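Each chain gets a letter, A, B, C, D, E, F and G, in the order it is written, and its residues are counted from 1.
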Amino acid sequence: MPGQLLLNLFIAFLWMLLIDEDELRFSTFYAGFLVGIGILFFMHRFFGTRFYLRRVYAVVRLFFIFVSELIQSSAVVLKQILSPRLKIEPGIFKYETILRSDVEITMLSMLLTLTPGSVVMEVTPESDALYIHAMDVQESRDGLIKQLKNFEKAIMEVTR
Amino acid sequence: MNENEIGEFIGALLILLGSIFSVISVFGIIRLPDVYTRSHAATKSSTLSVLLTLIGVFLYFLFHDHFVSVRVLLGIVFVFLTAPVAGHLIIRAAYRSKVGLADISVEDELYEVIHGDKPVKDEETEDGERS
Amino acid sequence: METLITLLVGVLVMVAVYLLLSRNFVRIILGTAILSHAIHLLILTMGGLKKGGAPLLTEEGSTYTDALPQALILTAIVISFAVTAFLLVLAYRIYRETGADNLDDVRRELDD
Amino acid sequence: MIIPILILVPFLASLFVPFLYTYVRSKKIGWMVLPVPLILFVILSFQIPSLASGENLFHTIRWLNAADIHFTTHLDGLSMILGLLITGMGTLVVMYSIYYLSEREALGRFYMYLLLFMGSMLGVVFSDNVLVLYVFWELTSVSSFLLIAFWHQRKNSRAGAKKAMLITVTGGIGMLVGFLMLHQMTGTYSIQEMIGMAGTLPTYDLFIPAMLLILLGAFTKSAQFPFHIWLPDAMEAPTPVSAYLHSATMVKAGIYLVARFIPVFGESELWFYSVTFVGLLTLLWGSFNAVRQNDLKALLAYSTISQLGLIMSLLGIGSAAMLDIPGADKTIYTAAAFAGLFHLINHSTFKGALFMIIGIVDHELGTRDIRKLGGLAVFMPITFTIALAGSFSMAGLPPFNGFLSKELFLEASLAVQHLALPGVHIWIPIVAWVASVLTFVYCMIIVFQTFFGRQQQQPAWVDRGAHDPRPGMLVAPSILGVMIVGLFFFPNVLGKWILKPAMAAVYPSFGNPESLVPHIAAWHGLNPALWMTIGIILIGTILYIFLRQWRRIYTIAPFSWKIDNIYALLLIQLEGNSYHLTNKYMTGHLHRYFTYILLFFIAMMGTALSFVWRLAFNFSEDSVVTVNEYILVMVMMSAAVAILFVNSRLIAILLNGVLGFTVAFLFVVLRAPDLALTQIVVETVTTVLFLLTFRFMPDWKKERPRRPVKVLNAFIAVASGLIVIITALMVQGNRLFDPISKYFEDAKTLTGGGNIVNAILGDFRAFDTMLEIVVLLIGGLGVYVLIKLKDKKDGDGNENQ
Amino acid sequence: MIQTMLAISVVLFAVTIAIAVLRLIIGPSMPDRVIAMDVVGVNLIAMIGVVSVVYGTKAYLEVILILGILSFISTIAFSKYIERGVIVERKRDR
Amino acid sequence: MTNALVLPVLIPLLTAIVLTFFRNSFILQRTLSFLATASSAGIGVYLLLRIQSEGILRLDFGGWEPPYGILFVGDSFALLLVTAAATVTSIILLYAFSTIGEAFEKMYVYPFMLFLLAGVNGSFLTGDVFNLFVCFEVMLLASYALLILGGRKVQLVEAFTYITINVLASWFFLLAIAYLYGATGTLNMAQLAERVAENGQGPVLTVISLIFLLVFSLKAGLLLYFWLPGSYSAPPAAIAALFGALLTKVGIYALIRMFTLVFHHSPEITQSIIGIMAALTLIGGSIGALSSSNIQQIIAYNVVIAVGFILVGLAAGNEVALQGSIYYVLHDMVAKAMLFLAGGLMISLTGKAKIGELSGLIRNYPTLGWLFFIVMLSLTGIPPFSGFIGKVLLGEGLIEAETYVLLTLAFLSSLFVLYSLLRIFLNCFMGEAIIGSEEQVVLKKRTLLPIVMLGVLTLAIGIGADAIAPFVNDAASTLVNPQTYIEAVLDKEALLKK
Amino acid sequence: MKINDVILRTVTKIVVFIILTFGVELFISGHNDPGGGFSGGLVLASALLLLYMTYDIETVHKGIPFDFKKIAGLGVFLAVASSAVPMLFSNQFLNQAKGEFALPVFGATELSMVLLFEAGVALTVVGVVVTILLTISEDVS
């Protein structure tokens, strides 16, 4: 499987980074590759993830979208915490996503959860909808949904 | 100030920022009314603060010792990956163990799906420990 | 620092001993766990605290803290882990066997 | 070499007998045993002439060089008497037993024990090394135990055996300590060497304790008051055993010991007092109690006690010869010792005979109760004749040997009152006389209540076939009967060949033994002793006639007292109190045990610290503390204390987890990265283990101990903590040496590793690490076993065979 | 200057931890406490990072990672315990 | 360098580890475990002989000079105990082979027994005080596992008590080590001795020594024996015998070692306390032995009595007394194993443990009865069995030290031993037989054989005491002359050369 | 509603590899840096713990079909046996022979008995910790 090879390279790289902190050497990478084979052999039945180097760009884009969302909503939450009187109306709502694969769902959930003000509570057994707890449903529901759509699009660029 | 010193300073600043963030978010943990809202403060704000701090640490070592700390980077990645999962799981656990939402909550589309009955709002269960 | 840690050790010992004197398994086991925290800190303190850098020769710096207590503590940690695990499972087994979570109840049951 | 073989032969034989018995499952086994004592007796007899000429036989087999314990045997006049008794009586008893014991009995065991006893007894009397003597001494107790418990199905047999064993072993242990003390004073375990040093001994502090302890051994073995109580119960043994051990031989071991140690301790007044007074008291108490017995065997038991007391008191009086009293005629006192030895032999003859007779009566009629017996003289004439001889001898009547020694005894009692010692007065002959009267009475009881009177029961006896037993059974008592009479007529043969060497052994420092042997004559003039005898017969007869009238006094205190009750009470109290006492503190409750341990810790350390707390605490070496460290330590303290108050397991575990993580942080602060790493993982895994096992546990009930318990617990907790703190501060303020760990800072060159901690764990102290993973492995396997091996059928304490 | 900033931030982290422990003690619900513990763990990570900077040593950077890993694992364990009571199933019905 | 010194630990250890891989091949398990223990005993003898000619042996692990590394120090005292422990374990193993059952054999019973032996032997041999702690733990963990084997409720409960108390004891041990390291900066026992001697045993060190006293007393059952009767009476006979023979001995060894080698400078404090504790132990054990009608309990209290008896010798402290103690320890290992096996066999044959429920067993099992009788005599110290010589020497030593109270109590305790065991013998073996020959459980010869062997051994030690005398004397003389030990470990010349 | 663990599982798949790698690294680098057999082994064990928590015992067992008791035994055996090896060359027990070896892949590596010893330690830790966790878990569920 190509994914395994990739992961193996990843481990080898990680290895090299860990061992030769100041001066990277190929021999170490090579050794790391062997270590990786060991680990993969140990774990190979678990392997099922897909990961593609050529989507790096999409990843970077997704990252920046995320960071901006992170900063925005952090500000909101911090403001709420620090305001003398709490003016929030929390609640739980359901969001049906167009994303399908495990990785996509996971990425979406994580990004959503990482951004303050919202947290994914449940994924339906069919993995087609998320239940989301929001800090301030009334105020930010629309904003949140917009944010979700944003994420969905960026994620799909990475994964499809 | 040479560039190293600036780098160090930025690192230290990020660290300080992180610590301030951290204190603020922990205030949230005290102030917010229920576990769900508190989790917003906890898992995210404090994650953010830690990320900031670790980046600061990373930068500091980078500029002060010219040392790329893979461990710190890895730590950042790790926190980044795991913090939301942890937050998700604990909140799910809270909900499934019937820890009630705060009174000020306005909406609950999940209740009937999980507990199969009408929501009872005022119950803030003490210690959802199972027996 | 030595005095502070010593005081901490003392407080931990007090708590642990109080827990040991309870009837409930879990409290007793917790007591033993806290006792080991205390002793580890104490062993460390006995070697002197912050008297030098971490005992890694690759680190720059000419003095190192006493490494021997650290090695001893590592050994002690592992041993106390083994014992705690055993004790915990034992408590669990007793509970499964008798339905009691403290020795007094079990004894009462055995006497009957 | 002859004496060690003499001792060894019975032991070998006793080992051999059980095997033999598996082939010869019949009475024939007795005939096969018989030659053993007989041959020994003959061999020993051949030594008589050389002993009489003043020779002694020494022989040493080296055993424990380290402890100076060797098989040194010593044959002298004193041990010869006992040796002849043991082998001679042994022969007779074996012969008697062949007829007495039924085929159905475990004869193999019986003869094995008997031979074991015989060997042990020979060992006791022939050993010169006191520790070897002690070895055999205890073996006699053991074999006696086995013989008393021969019919162990009977409750009384077991009780009697236990009592005998406990009392004699107690004495034995005391005696052993006495020997050890003697060794401390003299540096030797050899009796003869001790005798050689006797003069110096009284200066030691240990002299008196050693003497008393050795006497304890002697008194218990020889059934002296108040240790006599085991002897009546020992009568549960088969009668041959009673005849052999409990009248003729084993009970004489104490007498032998006292005689043996007269040269060592005789110069002490306390010795004189102890032996004489205890002897007299035993004499009186034994004869007094004999009169009230209804069981013939019990009567004989008390009579034995009494007679042993008599011999003991004679030895006591005899030891007065050793006292340094100016102007005293020593031969008066040596004569007493002579009388004691003489009576020792006489008693064996008549008491042996009587036991055998009682055995015959019991054997033929199935009872020993004098209330059921009577008029047997007609049916059992030979038996009666021997009984008459034995009883009259014991009563001190001519023409029987007992008369001679009894006269000597009365003379000695009269002589001793003139001894210029406090407490020695006319009462001694009075006691002697009273006891003799009582002796006369119970002797008459034996003769008349068994063999005369109660004619109305005759038909019953006839029905039961009361008649003299088979001739074989009468052989042994008859021989003794002949001796009873024979010794009366030829006492001086005994005196010359047997008693003279014995006297030489008792008084080694007195030179010419001839002077120690008085001439014994049946008629020695109308001296006070004879008047006393006449009085005994007169008053005794009157008392016997009016027995029924005055016997009631036995129901009145203090005459009704039984030392036995004290023993019984002691054991019951001991067991009961032990039970209560032990259950009081061994509750099985863990918190109680913790309390004990911690209180012990607090008490011991608290006391110690209270003496040394002034030692300066020295905080100057302390390193700085930053604000965050303060905060964290406070957090840790609060988290720890909070654990005490939370009402849920899970919270407690969480708090413990926090504690663990913060401890890890402290490790970072304290420059211990490896510790921090390990601590974090171990803490987490432990927490997970807690969680894994929790699911089934019930809710954490709030513990509400009673207030005093709570206060005590709090006290223990706080005190323990304080002690830990104070000691730690004291140590920190008084570091005495530099730690050795500087050496490890060369780890890089020494081991090639830069992480010192790991170098220590993996190299310098790798052995610790190796064992530590063994610990881990055992723990893992232990957990596995704990879960997997479940008892299918719980409860009944069975282990699978 | 930098030292001061670092010193302040260390103290702030310590305060955070103290407050989180307070939440841990007062609860009220179990998930609250678990969250609090998670906060403690995460802030300890930060604090170790800062301490490393203050001490100028790389010796503790492993600790940061390991603390991250195990704080995650213990949070999962607690969550599963609260949710299901069993944290490791023999066979999950899926 | 004497690598053989590690073998009494290494052989059982490796064998145990290997056996964990062969759970189901019983023949292999039995063969190997027996070979391991027997060869350990053989090596013990070999080393004893070498010590006679070469003096104290030493093995520096990894070649690190003391005090920096860990080392094994083989003096006669240690190796006598090693040999005895291995011998007794071999015999107990033989007993286990025929009684323990396949269920247990599958559950690592032999590996656990071997681990126990390894830990015990390690404790005897080590020259490092922290390593002593670790060896203790090996032994303890093995004992924990053995204690719960079978999983009866009683066992579990007793195990919990036993383990927690031992956890506390181990904690105190660490506490003592921590303080000791703080004060002296070393862990090597010889160097500790040297440093303590150099500095004089000041108040701080005496305080620390008291914690060691507490720890080892807990392990030995000196005064702090509460845990003992329960836990020794819970497991099956073979395991209980192993406990009875070995466990307390390690504590006794440690007490004797520490308080003759390191902390012998304030005898007026330490030895007095030990004396008082021993006295109370003798009393408590004696009372306890009378208090119960349960065979296992009576036997367990006899263990307590022996502990007091042996440590009386340490309280007296002179050479003769220590000789006596050493003889007595050796004797007690053999005799206690025998007692536990005999008592355990009675219970397993009849299913009853109360003396009131048994009677006349001697008719059913005569050999067992006589073996019980023999061990009773042996434990009472009645000659010619093995208890005698130790008792005599101890008595001599106590008299020499003029400690008459201890002397009295020690010798009186023999009576309580006798009485308590006599109760069992009279009640259970004697009397009317209550088990008919058709319903009686068959007693196999090979089950009895180990008890017979122990019986022969107790007689052999008693009669042939002189054969081991050179070793015992050497052991005691090393104990009273700690300088011998110190010099053997801290070879000054070799150190100077470096 | 059935629980859907998709998020946890997806993340775990990545995270486990990080942890495992880190564990091996800790084990290797313990020579000069913090780490070593213990911490390495413990981290490896906690990676497995994470797997067991995320999936279930049977699923994980299909992927990692080892008897962890035997791994533990093997670990101890390795450590003890490697300690005994020097005795065969008439060196002291536990003499951790050192030497530079030119290995084809790892380059000039200082290999010593210590490494074998440490590997034994790590294996033991993994084996024991997982054994304990599994034994209880199997009994509980």
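Note that contacts are C-beta pairs under 8 Å (C-beta built on N, C-alpha and C of every residue); 3 or more make two chains touch, one makes a residue touch a chain.
Note that this is a predicted model, so its numbers are computed, not measured.
S.K.: Taking the mean of all protein CA atoms as the centre, name the chain whose own CA mean is closest to it.
M.R.: When every chain is reduced to its C-alpha mean, the one closest to the whole-protein mean is F.
S.K.: For the chain pairs D-E and B-G, which is connected through the larger number of C-beta pairs in contact?
M.R.: The greater number of contacts lies at D-E.
S.K.: Just grab the chain with the largest centre-to-centre distance to chain G, centres being mean Cα coordinates.
M.R.: It is D whose centre lies farthest from that of chain G.
S.K.: Compute the distance, rounded to whole Å, between the mean C-alpha positions of chain A and chain F.
M.R.: Each chain's C-alpha centroid was found; their separation is 62 Å.
S.K.: How many angstrom lie between the CA centroids of chain E and chain F, rounded to a whole number?
M.R.: 48
S.K.: Need the CA-centroid distance for the pair chain B / chain C, whole Å please.
M.R.: The computed centroid separation for chain B versus chain C comes out at 30 Å.
S.K.: Taking each chain's centre as the mean position of its Cα atoms, how many Å separate chain E from chain G?
M.R.: 25
S.K.: Could you list the positions in chain G whose residues touch two or more of the other chains?
M.R.: 1, 3, 7-8, 11, 14-15, 18, 22, 26, 32-35, 38-39, 43, 46, 49, 69, 73, 76, 80, 94, 96, 125, 128, 132-133, 135-138, 140, in rising order.
S.K.: Residue numbers in chain B touching 2 or more other chains?
M.R.: Chain B, residues with two or more chain partners: 25, 27, 39, 43, 47, 67, 69, 71, 74, 78, 81-83, 85, 88-89, 91-92, 96, 113-114, 127, 129-130.
S.K.: So which stretches of chain F touch two or more other chains?
M.R.: 13, 17, 20, 61-62, 130, 134, 137, 141, 144-145, 148, 151, 153-154, 160-161, 164, 168, 175, 178-179, 181-182, 187
S.K.: Quick one: which bits of chain D touch chain E in the complex? Just the residue numbers, please.
M.R.: Contact set of chain D toward chain E: 626-628, 631-632, 634-635, 638-639, 642, 646, 648, 650-651, 654-655, 657-658, 661-662, 664-665, 668-669, 671, 673, 676-677, 680-681, 683-684, 687-688, 691-692, 694-695.
S.K.: Which chain A residues qualify as touching chain B in the complex?
M.R.: Going through chain A, the ones touching chain B are 14, 17-18, 21-22, 70, 74, 77-78, 81-82, 86, 88-94, 109-111, 113-122, 131, 133, 135, 137-138.
S.K.: Would you tell me which residues of chain D are touching chain C in their complex?
M.R.: My answer: residues 588-591, 594-595, 598, 619, 621-625, 629-630, 633, 636-637, 640-641, 643-644, 649, 652-653, 656, 659-660, 663, 666-667, 669-675, 678-679, 682, 685-686, 689-690, 693-694, 696-698, 700-701, 703, 713-714, 716-718, 720-722, 724-725, 728-729, 731-732, 739-741, 744-745, 747-748, 754-757, 760-761, 765, 768-769, 772-773, 775-776, 778-780, 782-783, 786-787, 794.
S.K.: Where on chain G is chain A touching in the complex?
M.R.: Residue positions touching the partner: 1-2, 4, 6-7, 9-11, 13-14, 16-18, 20-22, 24-25, 28-29, 51, 62-64, 105-107.
S.K.: Enumerate the contact residues on chain B facing chain E in the complex.
M.R.: Touch list, chain B to chain E: 8-9, 11-13, 15-16, 18-20, 22-23, 25-27, 29-30, 35, 38-39, 42-43, 46-47, 49-50, 53-54, 56-57, 60-61, 64-65, 67, 69, 71-72, 74-75, 78-79, 82-83, 85-86, 89-94, 96-97, 99, 124-130.
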